[in-house]
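The following pair of complexes shares a single chain, chain A, combined with chain B in the former and chain C in the latter.
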Partner chain A sequence: MPILGTVASQFSGKSFSSFESIATVTVTSATSTISFTSIPATYTHLQIRFIGRSSYNTTGQDNLVINFNSNTGSNYAEHYVAGNGTGTDSGAQSSITSIPLRECLIRDGNTSSMFSAGIIDILDYASTNKNKTVRALFGNDRNGAGYVALGSGLFFATPAAITTIAFTVESSRNFVQYSQFALYGIKGA
Partner chain B sequence: MASTYEKIASTTLTSTVASVTFSSISGAYTDLVVVMNPISSSATDSYPWLQFNGDTGSNYSRTMIAGTGSAAESDRSTNSTQGYFIYGNRVFTDASFNAILHINNYSNTTTYKTFLARTGAASNRVESTVGLWRSTSAITSILFDLDTNSFVSGSTFTLYGIKAA
Partner chain C sequence: MSEAPTKVVVDCSTGETQIIPLTAEEITEREAMAVAYAAEKAAEAEAKAAADALKASARAKLIAGTPLTEAEAAVLVI
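The block that comes next holds the complex of A and B.
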């Protein structure tokens, strides 16, 4: 039994003015793409926090796919390290057409209330003189199966600022209802 | 644009306690983040875990990956009565254990709750964990405890809320 309790509601919120909500997408019916467009360049970094689930009606999990600025050329690269509960895995791809977050999204053949979760950081997204790097922590647990991973991605098409982000599910599958992606901006000094 | 990352509550222990609880968490945010730097009364078997809403049923599971310094490993647990956010990592007496937990969409009443954790202890290992609480209830309290031993003075626990637009 707890012998020390902190009543959270009794604390007035101390806010961090450098972390702001930009936009949120909550899926109300199956949709193929979750996009954030017209992202202002007024922040230093971006963070996306999400829960999600693929419409593919079988067990297992699907990749979450990321593209920037509608660019589908071979301008991306990725590395990851992951664990599935019984073993570890690591891999990489270069000159690919998107950044995949591998095995990220629970498929719809799993227990209906289970959703994946993740946090994606996009560093110096508004820079116009260097490539854009991404890091992510994501996973899903299904009480007997699961996948957790750390990923890193690179977008090297041009040094243009990132103004749009599109999330899709591998093989053109859909996000199901209650998937939610929230975009935040983090200011520098 | 409104700030959305707020400290909800923070505790720095001034005495030894068996557990720490954040209670009466409002549903005003989208995600919760907990940052902790706890210290154990003993380094032996001080495996940390959590429980939501006082639920002691077999409703927790987790999948993790770790780097031990010489190898990578992965493990899972199922139908646990505690939400372990570690595997081999432990809370030590030297404050070297640290953890950050993300509980996304904690207040919805539709989905089970999935949480992510990163833990480290320089003398031991680094781990990442995804955990599941099989409940659709909104999370209103979080208890942190150890398998054995206690949290001692100087341990810190801070709860943040992140609010989406």
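The block that comes next holds the complex of A and C.
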């Protein structure tokens, strides 16, 4: 069947997936900032899947902070709705200097080896005509306590494409070992 | 995890990952920010506890039919 071999060779090395891994960072020692730079504009949307834990040695949770294109001006907004099993919470902020994912990261004073998890979508990130919209679903379960939230964010500094994404911990602590951030590109509409 | 913190930078165009130790100045700045953050959160928690106590007092007075202070009334009436 040489014709099949010819056809197969034409597709060798090409990806047929609409969901591709761009880069993954797994923290090996205390890390203050995780940055993805020079993100190619060849996808329609971006998605980040993460697990994380803050080094803040107390109970509770820290915000995960997102900045785009190294911009720290008051060019962001956010909304969230959340629940912890006994109560609900919601809120919003406008003209802030980053997008915070509220109470997103388990602090290091909680039971060891437990991590928060989440998925962040950055829609139409390569557009040069639109402000950028973010949605995120995240939470944690600590066997008796927990938290789950849905967040949205807006970056309206300029309609320029997003080429850099930076993650930090709001309390100026670090991401602990085994925290992981994986960046994916989504093709298609 | 006792070593100096780092920052991780991934160049998505090349796949290169750099693990860059923070400078002494960056570490000092972050330590100051962490202290400020803890103080801010403590103040927020204190304010919330005071507001909760005011609400509880106002509710108790309403049930007992005793006069509320202006602050207690304010916390109940929007």
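One rule holds for everything that comes next: the second predicted complex is superposed on the first by the 172 of 189 C-alpha atoms of A that agree within 3 Å, B and C clash if a C-alpha of one lies under 4 Å from a C-alpha of the other, contacts with A are read in each partner's own complex, and residues count from 1 in each chain.
Here is the rule we go by: contacts are C-beta pairs under 8 Å (C-beta built on N, C-alpha and C of every residue); 3 or more make two chains touch, one makes a residue touch a chain.
In this text the structure is predicted, and so the values were computed from the model without any measurement.
**Student:** Is A:Gly118 contacted by the first partner chain B, the second partner chain C, both or neither?
**Tutor:** So A:Gly118 only meets chain B here.
**Student:** In this superposed model, does chain C or chain B come into contact with more residues of chain A?
**Tutor:** Ranking chain B and chain C by residues of chain A touched puts B first.
**Student:** Report for A:Val81: first if it touches chain B alone, second if chain C alone, otherwise both or neither.
**Tutor:** The first partner, chain B, only.
**Student:** Given the touch rule stated above, what does A:Ala23 touch, chain B (first), chain C (second), both, or neither?
**Tutor:** both
**Student:** A:Thr128 in the overlay: touching chain B, chain C, both, or neither? Say first, second, both or neither.
**Tutor:** In the superposition, A:Thr128 touches no partner, neither chain B nor chain C.
**Student:** Across the two complexes, what residues of chain A are contacted by chain B and by chain C?
**Tutor:** Overlap of chain B and chain C footprints on chain A: residues 22-23.
**Student:** Can you name the residues of chain B that touch chain A in the complex?
**Tutor:** Interface residues on the chain B side: 1-11, 13, 17-26, 30-31, 61-66, 72-76, 78-79, 102, 104-105, 108, 110-112, 114-116, 118, 128-132, 134, 136, 143, 145, 157, 159, 161-165.
**Student:** What residues of chain C sit close enough to touch chain A in their complex?
**Tutor:** On the chain C side, the touching residues are 1, 3-15, 17, 19, 22, 26, 30-31, 33-34, 37-38, 41.
**Student:** Under the definition above, what is the set of chain A residues touching chain B in their complex?
**Tutor:** Spelled out, the residues of chain A in touch with chain B are 1-11, 13-24, 49-51, 81-88, 90, 111, 113-119, 137-150, 178, 180, 182, 184-185.
**Student:** Considering the complex alone, what residue numbers of chain A touch chain C?
**Tutor:** 22-23, 25, 27-40, 55-56, 170-174, 176-177, 183
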